[in-house]
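Read through the structures below before going on.
You will see two complexes here that share chain A, one where it goes with chain B and one where it goes with chain C.
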Partner chain A sequence: MHGTAAMDVSGKSFWERLQSVDRRILYTLIFASVIIPILWPLHLPTPVTPESRAFFNAVDSLPSGSVVLFPFDFWPSTLPETEPMAVAGLRHCFRKNLRVVGLSNVGMGGPSIADRLLDSIGSEFHKTYGVDYVNLGYKANYSAVLLGMGSKIADIYPADHRGTRLDSIPLMRQVPNYDSVKFVLIVSDNAMTDYWVALVNARYGLPMVAGVTAIMAPKMLSYIQSHQLLGLLGGMKGAAEYEQLIDHSDKASRGMDAQSLIHFLIIAFIILGNFGFFMLRREQSQKGQN
Partner chain B sequence: MPEWYSHPFFLLLPTAFFTLAIFSFLYKDNPMFKLAEHVFAGLSAGYYFGLIWQSVIRQQVWMPLTQDGQWSVLIPGVLGLLMFARFFPRIGWTTRLPLAFVIGSTAGIMFIQQLHGMVLPQVGRTLLPLDSLRNILIIVGVLTTLIYFYFSKPHTGTLGWIASVGIGFIMVAFGAHFGYTVMARVSLLIGRVQFLLVDWLGVAR
Partner chain C sequence: MKSRLPVLVAFISGALMILAFFGRGTVVDAVSDRALTWQTIVGGFSLLLGAVSIARVHWKKVATKHEDRLYSLCLLICFIVMGGSGVINGIGSGTLFDTLFQRIQAPMMSTMFSVLAFFIASAAYRAFRARSVSSAILLVAAVLVMLGRIPMGQYIYHGLPSWADWIMTVPSMAVQRGILIGAALGAASMSLRIILGIERTYLGRG
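Here is the complex of A and B:
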């Protein structure tokens, strides 16, 4: 494989070619790594992390009938990561007979996604809109929303997402402000988690957990360490772990085979690329000595 | 409605078309990708306008004013309208009033938020007893990383050695971020492929 013996027609050695693999080959391999396990599941294990277990335990320990604030703070573009978390979170809440107050600080799609998920998972558990759950919808200016709800929710949300006045909704008549809220379950793909932590947890002391996209997860771990968040779900893996914990496998669990396979592939290419780099350097230094 | 039309294949056909149109960019830029891009931009603008009209203007200004007689909502209402004064040169200066309010209130809220909600709790949880390997790692990691960002003295000798330890911690953090970023991007691809194979074509469960 060394020297001229390993040269191809383009004059590149094997080690050089290893470092400049055509991106179309990578695309094809990645695409195959996604399609194959979706068509033929491999059932690879997904170990549960302590942060996900803490998330589950925090929700599971809430007394029946507690009011949970459920911000759907994510855009439609991150649905593969955030939707499974929201679905699993709602299933867990409704199974525990917790009452859910949904809202969204993301205007683009957030309130519609909240409506769809609350209705579909609510109907799974025969829950009634306005009694067991409600969707407050979207209001502009997150800081005014988060702080204002501490005084009076109806000042910020005179009506719910469907336009019904809050004083006509049985659940909201019992929830005038944060004093009646037991817990916050955030699902977010943006800095809203920081604002919930810094504005609501710090000022009102409301306990909270967060399900966030994988990109955000490393930063959020610092809130776990400071006990500002009680639990954390990181990306599709976090959602799959939560699905395991609530014993209801769904989209995230089904996507984890592909996730693991692609990670193997990327690791393999990183190792091969580095190996090629060092071998080429060795080859060049040997040539220099000769 | 004809029965064939309610089949998921036909119901989800527009979504599948736009998904494939976006993916076609992987080959090269093309009219289908452009069409999907423009439809997305138009739909987003329309959705957002409708949402703001219903959720903010109607629910937070019109309803309190007409149903509850809350005249005080006129103050933020007028301030909001003044944002558009910049389109009229003679009264353009009035735009500064709502901007001054927004900047002032945001600065005040953010100052408290950062100090009370971020800096103090995070610093507090870094002042740990040196009684476990985990705590020692956290303290060494924080201090050496902070020293790496101290640029008033050349990073030579002991300072250089400490800073290089800090670089090690920063590299570990970068690695974790990179790994999680790969997972996030791959998740989006998996989500779309799941939609195409499971929801649309129904060839997998």
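Here is the complex of A and C:
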């Protein structure tokens, strides 16, 4: 492998082949990295970041019976990342006896996901629909929805997701607008978090935290620094940290093993590719000198 | 009059919302609340418009025997089944609409998104080369953040998570904040241009 690297049948040198490993090999390794930790969990500990701890503390410090607005602002495509956050958030809220008002600004699937999660976690804690939690569903035009609820929620949502009029729901009779809401717990995979911050936190001063996909987290950190968000969960790692904090390991904690292996694999391949790139460049420059 | 009226409506609506933002509990606030309710109704109609438009586009493809007509037909069938079941039986838990969504649509969307992991890994391996100083900096930062964000990172070096945090909260955030401020200033100036009638492209003219 010294000097002129060995050529294969395709005429590629060893260093070139190192830069172009067949994608099927890469895909097989990624597939194995996902499957192996699911079958045999590694139980790798996840260190808790200050943002996740602040998220936990903000929810944990709410007095029992407080009303929490819980926007399920995510699409079904990001469920593996966002669902664990929403589940852990609901568990924490119900364990603290907080009352949850769910809604969604994502038309496609948001309300159905909210319904499923509210019902399943609600039943885990023996909570009653309409008394301890409610799902308002979806209404088009998020800016009008976010601002309009500040004055009168019933003007924007005359009925909940199941079609029951809001004045017939015991919980909603006590929550006419944002004045009765103590806190907002956003789970989002899109720009809705920005709108909650810009329209609701800025105008109504409602304290809020957000659980977002990993790709959105760097942007959201600026809201943490400006104290517009009190806490932040970033991607599956954030969800795993939150599960750890509420002492209930679930999907995110299991998923972190797979994510660890995949990150590691990607880094290994990037290093491998760059090593091949530098060695080839070195070889070519040596050839040029000769 | 044809162009003055929309400009006037835009000016009144925009000015009303700005004033209402600073005057909670005032008459302006009450008027803006009414306007917001109208806005959600208009939003509902725009969804309907979108649905009709997508159905027309794909029906046209089927009718003209376009080469992608099978995809369009598939979309139309799904559109009719999902839409029809929602309209007839409702969209609550346990309905046909909900079952179709929870059992078919949501897993399919998650699958499509998950497949990205394979492509991203392959693309990162092939494209991420330290060809210049700036790409080398990007590469090192990316590797540190990726390692620092996973539990395995701390086993490699215990300081890696704090290095990753520093990259995220100092240089990365400085750039993010710059982009945020720039975008906000752009949005504010564009809004002012619309409110003052300088920007009229929404009327359908350049």
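Criterion: the second predicted complex is superposed on the first by the 287 of 290 C-alpha atoms of A that agree within 3 Å, B and C clash if a C-alpha of one lies under 4 Å from a C-alpha of the other, contacts with A are read in each partner's own complex, and residues count from 1 in each chain.
Convention: a residue touches a chain if its C-beta (ideal position, glycine included) is under 8 Å from a C-beta of that chain, and two chains touch if they have at least 3 such contacts.
The model shown is predicted, which means the values in this text are computed figures rather than measured ones.
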{"item": "First (chain B), second (chain C), both or neither touched by A:277", "value": "second"}
{"item": "First (chain B), second (chain C), both or neither touched by A:260", "value": "second"}
{"item": "Touched partner set for A:80, first chain B, second chain C, both or neither", "value": "both"}
{"item": "Which superposed partner A:222 touches (first chain B, second chain C, both, neither)", "value": "both"}
{"item": "Partner chain in contact with A:269 - chain B first, chain C second, else both or neither", "value": "second"}
{"item": "First, second, both or neither for A:195, with chain B first and chain C second", "value": "first"}
{"item": "Touching partner for A:27 - first (chain B), second (chain C), both, neither", "value": "both"}
{"item": "Chain B versus chain C as contact partner of A:39, first or second or both or neither", "value": "first"}
{"item": "Touched partner set for A:131, first chain B, second chain C, both or neither", "value": "neither"}
{"item": "Common interface positions of chain A, toward chain B and toward chain C", "value": "27, 30, 34, 77-80, 107, 109, 111, 139-140, 143, 147, 161, 163, 203, 214, 217-218, 222, 225, 237, 259, 262-263, 266"}
{"item": "Sites on chain B touched by chain A in the complex", "value": "26, 44, 47-48, 51-52, 54-56, 59-60, 63-64, 106, 109-110, 113-114, 116-118, 121-122, 124-125, 138, 173, 176-177, 180-184, 186-194, 197-198, 203-205"}
{"item": "Partner chain A, residues of chain C touching it in the complex", "value": "21, 24, 29-30, 32-33, 36-37, 39-40, 42-44, 46-47, 90-93, 98, 101-102, 105-106, 109-110, 112-114, 117-118, 120-122, 124-126, 128-131, 139, 143, 146-147, 149-152, 154, 161, 165, 168-169, 172-173, 176-177, 179-180"}
{"item": "Chain B contact footprint on chain A (complex, rising order)", "value": "27, 30-31, 34-35, 38-39, 77-81, 107-109, 111, 137-140, 143, 147, 157-159, 161, 163, 194-195, 197-199, 201-203, 213-215, 217-218, 222, 225-228, 234-237, 251, 254-255, 258-259, 262-263, 266"}
{"item": "List of chain A residues in touch with chain C within their complex", "value": "19-21, 23, 26-27, 30, 34, 44-47, 49, 75-80, 107, 109, 111-113, 115-116, 119, 139-141, 143-145, 147-148, 151-152, 155-156, 161-163, 203, 214, 217-219, 221-222, 225, 237, 256-257, 259-267, 269-274, 277-278"}
